[in-house]
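In the part that follows, the structures are each spelled out as structure tokens.
Each of the two complexes below includes chain A, the first together with chain B, the second together with chain C.
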Partner chain A sequence: MSEDAEKQTVEIFIMGKKYEVPRGLTIMKAMEYSGYQYIRGVGCRGGFCGACATIYRLEGDYKLHTDLACQTTVQDGMYLTQLPFTPAGREGYDLEELDISNNPLLDLYPELARCVSCNTCTKTCPQDLEVMDFVNEAIRGNIKEVAELSFDCIQCGLCAARCPAEIPHHHVAQLARRIYGRYQAPDSVHLEERVEEIEAGQFDEKLNELVNLSKEDLKERYENREIEE
Partner chain B sequence: MRTGKLKNNDSEQEDPYTGSMRESIRKVEATREERIESEIPLMDPEEREEVLNEYHPDYKESGMRPLKAGPNSGDEMPLELADLLEAYPAVEPSEIDLTRVDYEVDILVIGGGGAGTVASLWAVKQGIDPEDILIATKLRHGDANSMMAQGGIQAADGEKDSPAAHFLDIVGGGHYANKPNLAKALAKDAPGMLKWHENLGVMYDKNEDGSMKTLHGGGTSRKRLHSAKDYTGMELMRTIRDEARNLEIPVEEFSPAVELLTDSEGTVTGALLYNMETEQYYVVRAKSVVMATGGFGRLHIQDFPTTNHYGATADGLVMAYRAGANLLDMDSVQYHPTGAAFPEQIVGLLVTEKVRGSGAIPVNREGEAFVYNLEPRDVEAGALIRECYGRNKGVETPTGMKGVWLDTPMIDMMHGEGTFEENLAYIYRLYTRFGIDPTEDPLLVFPTLHYQNGGVEINEEGKTAVEGLFAGGEVEGGVHGKNRLMGNSLLDYNVFGKRAGISAAKRAKEVGWGEISLQHAVKYSQQLEEAGIDEDRRSPMLVPEYRGEQTLSRSIDIL
Partner chain C sequence: MREIPYYPGCSLKDTAKGFESSAMAVSRELGIELKEIPRWNCCGTVYSLTDDNLMKQLGPLRNLVRSRDEGYESLYTLCSMCDNTLKRANRLVQEDEEKLNKINNFMDQENDYSGEVEVKHYLELLRDELGWEKVMENVKQPLEGINVAPYYGCMLTRPKEIGLDDPHNPSILGELVKSLGGTPVNFPYETECCGSYNTVDKKEIILGKTQTITAGASKAGADLIITSCPLCHFNLDSRQAELLDIAPNHNPVPVIYFTQMMAVAFAKPEVNEFEEHAIDPRPGLDLEKKVVS
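On to the complex of A and B.
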């Protein structure tokens, strides 16, 4: 192990300016330690919301890395900046009126056809999704494949920011998932039947009886209720 | 198959677990087979009570104090919340010019998470023009706890299930403190909300024939938990947000409401927004106001870490309370039994109950199971705290935190290889990022501050005690009593977001714009003065303070 690795602090460069922070912090916590109070570039702090998209380079390395500030540990010699917003265009649509006979993805996002299969999107994705694969499926109109491959997308927009064809991958994927969920995934028959039963008032009597029980009676019902295996 | 890239370290991956942790894991491994075969009994009611009384943080008297002002005077509240409720307005009423109105809308929705978005969508269904709605939110649209919910949403749509069975689970889990009509609404509306989601294109986990895949959650009597992998909250939030964008409902981001506006009768007639980037304020007049600001996890009650998003700072409670709304069950805080206790980078983040629902069992340092895996959350959390601090059988991390193992490798052993990665993609990704493979090794967990069980009192129409003010989602109270069950929070923001949105729309069609003032805030400040509250105390908080001490100690304000 080098001497550096044993040091309890690391040097990072926040937008080019040097700060020394404790080893082991996430990028987000390191920025806060350094004195930044977030308004932009922070959201769930748990890897769901995509607000803290970050781009960084390590000293002595030419590569640009991308990741989430809340999910990435700082390293010595990290030059970083956050990208809290990507100006990617989103097309509005009416899900009920959408013509899905053709390829609605390509209809709404013709720029999909500009994909040069460079794979930058996939290499950029902090969720390690196969982004280029779903772009290719989108071009072919394979909505289910796009929906499934993109399911874990947190819509941080890093792919769209790096794409030489300027495709807004995350918006395309959102559209595909909704079309799949609405038109292609099988409907849940028992759900529909239950909704009809409820609307017909089938459970009202039982519910009203429970609502009016004393605490003691409720407790007894609760403690003796049947539990499904 | 996707594999975790183990990004946070170099390819020569070091074992993140320390030697003593590894030694304990060997004991967990030695008892695993036997654990899969055996059944741990549910706690009897007496033991449950004992666990709660002795070990649940809500039962610790030093963590609470009675409020000195407002409708809930005398009620016990967590200290961190009491500090914000007993505080003067962050904006000085005399410095605000209310004669220039920036927005005149039918409905102002405060909060851009699940409840606010659902309320807006249903207001449009009631015939309100999207242009006449304004969503004001502190961060971006969708930056909310709604986005983070993992495990699922409850709805009694199964053949063996019924809304009545769901109702019993809700009130039993809530220790019978729930408002019965709210619990009834929650249970009864649930299947309808899922049907709505299906029509919006939400990708629920389904079997080939379209039937819903369901699991048990803590305290459920039926398998009623519907999910979308372990990204259920994200899938719901991004879908309804997409729909709101299609309808072009206006959203002001980074512009939280900081005070409500009222007329001389005390009716809520608008709100003051604050653009956190430019520091200017906006005056909004509205016929109805929907409070949908979520909860208070970022107050770090009793110094607990939290699963909550950055903006969960109780702003809505503060504003509504100043305007005269009543708060319910604020003495009850939900600590999720299984927050990450290791590694340090992710301490407090949620390890969904779906992990236990899928068969993983909590195990102590010696490799012994000590609690049934699906007790109601407060009981399960209490049992974990007892194991670490009552029985001293926890595992200590290098930073001195204690936790117990959640034996995740059981899941693939019970249900087949690949089950974990397929159904718990978020957890798998979260841990492999930091070099831990949950299909190989157990995860160290400890309770984490998760949910505000109580909140602003509403009726079944989503109305608060204050005319013109409605509420939905985590900010409101009465639905869950003293303890919310898993899968009922996503449901809550849907059911009561919808009900609040519909009620707000009905009112907006009946009334005109009222006069706007800050007189309720001035009056409340007088009460605080009479109670001798320090004038330096201000709220709402808006964002938590996480800056390094060294920086703060030398901070000056020149610009």
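On to the complex of A and C.
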């Protein structure tokens, strides 16, 4: 076994400053190990919320890598920084009032037309989405395709930070999913029925019972709850 | 049925749906299935002449990379602008190895390209691969007595390195008209620019060009104008309708895609979506009546 592999720590650079951290930590844990405290740029710690966008380079590699700090383990020679927020214009709209007859995506985000299909967004996406493909679908006004291709978007904003055409991809895709859900997706009949039941007061009694329980009784109820296999 | 890889471009999915639907229908009559490539992006619309900015060549070239990755050696277009942009980007990298390398380096983890996909316009398929005889065989309703002005615009024949016909005196659309039993009319504006993107913010330029071109066709006796360019179509059709508001004496000439004309001659006029046109080609021309009778 080589000396390197036996080494239990890795050398990383946080905003240019060198730290030695235990091997196997995620970037997020390594930052905390090094003394940083997250106030922004952290959320679920499970790869779902998109708050912990990270940019890094590896020593000797020209490539600019992008990932989520909570999902990526540290490597030797990693030069990294966090991007807790991407400035990207989000247009105001009222979903109920939106004119969807033409192409609402292009109407609200005309910068979509600046896309030159360089594919940088797709290469950047930590979710491995086909971002450029859904931008092209957005230009063509295909709401459903944008909604489907962007379904796993977690709004980290890394694509928007890297785009040479300055498109806010994540906001465009979110709008597409909202329009799709509001106007195009088939109605969910069971949901409508359940809402009717709730409005008719069918669950009021059970809910009130819970609300009026003492903390101890509620705790006991929770501990003895039925857990589906 | 022979399958050929087809690149639609954005306009054929939006303002020029009748172009695509008619092309699909007439192709089937000719034993051709236009198979849309599964993933494609905008062609770039206008070929970038900026010599040192290769970023704008990525869009058109990626379409060719994706066709090649699907196993295709060629890619067929309908829209004149897509045809022009794809062919010129392809030619750029075929002739300039340094630029090709630079583009491949930038595309990085995508597969390298070497200019190996051949871009062809649908008209080239008709003329060079199927032949006018084959077109003639499928005519069920000859366009007898109909005078057609072939309008090439800029993109189909220029520059000559990628043009599919003589840039000054093209004949390919006229040959198609003849194959369908119609009469091509000579008119002096067949390769005149329609004004292109000035339509966005300098509409008056387009109104002037449209008047010149359509009045020229009308004076030459044309019953209709045919084109293969969605932008020319928009300018000559929609803007011509606006022209009537300010020039009431203008004699409107309908503008249709060449594939729509083929659909009429192949007795499939229902695929044409003529109702989307600003100047309805149906009345006056009696095309449908001819088909019915």
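One rule holds in what follows: the second predicted complex is superposed on the first by the 186 of 229 C-alpha atoms of A that agree within 3 Å, B and C clash if a C-alpha of one lies under 4 Å from a C-alpha of the other, contacts with A are read in each partner's own complex, and residues count from 1 in each chain.
Basically, a contact is a pair of C-beta atoms (placed from the backbone, for glycine too) under 8 Å apart; a residue touches a chain by one contact, two chains touch by 3 or more.
Here the structure is a predicted model, which is why all the values come from computation and not from measurement.
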Margin query: Which partner chains sit in contact with A:V195 here, chain B, chain C, both or neither? Use first/second/both/neither.
Written below: first
Notebook entry, point to check: Taking the superposition as given, does A:L105 touch the first partner, chain B, the second, chain C, both, or neither?
Noted result: neither
Next item on the list: Using the superposition described at the top, determine whether chain B or chain C touches more residues of chain A.
Entry: B
Notebook entry, point to check: Looking at the overlay, what does A:A88 touch: chain B (first), chain C (second), both, or neither?
Noted result: neither
Next item on the list: Figure out whether A:C163 sits in contact with chain B (first) or chain C (second), or with both, or with neither.
Entry: neither
Next item on the list: Classify the contacts of A:T73 with the two partner chains as first (chain B alone), second (chain C alone), both, or neither.
Entry: first
Check: Looking at the overlay, what does A:V131 touch: chain B (first), chain C (second), both, or neither?
Finding: neither
Notebook entry, point to check: Which holds for A:C115: it touches chain B only (first), chain C only (second), both, or neither?
Noted result: second
Checklist line | First (chain B), second (chain C), both or neither touched by A:K123 | finding: second
Check: Which chain A residues contact chain B in one complex and chain C in the other?
Finding: 130
Checklist line | chain A contact footprint on chain B (complex, rising order) | finding: 2, 4-5, 7-9, 45, 139-140, 142-143, 145, 147-148, 155-165, 167-169, 171-172, 176, 180-181, 183-184, 187-188, 191-192, 194-195, 198-204, 206, 208-212, 216, 221-223, 228-229, 231, 233-235, 238-239, 242-243, 245-246, 248, 254, 276-277, 307, 309-311, 344-346, 349-350, 425-426, 429-430, 433-434, 543, 545-548, 551-552, 555
Notebook entry, point to check: Which positions of chain A touch chain B when the two form their complex?
Noted result: 24-26, 29, 32-40, 42-49, 51, 67, 71-73, 90, 92-95, 127-130, 147, 151-152, 154-155, 174, 177-183, 185-192, 194-195, 198-199, 203, 206-208, 210-212, 215, 218-219, 221-223, 225-228
Notebook entry, point to check: Once bound in the complex, which stretches of chain C touch chain A?
Noted result: 10, 13-14, 39-42, 44, 55-56, 58-59, 62, 106-110
Notebook entry, point to check: For chain A, which residues count as touching chain C in their complex?
Noted result: 115-119, 123, 130, 132-133, 136, 139-142, 164
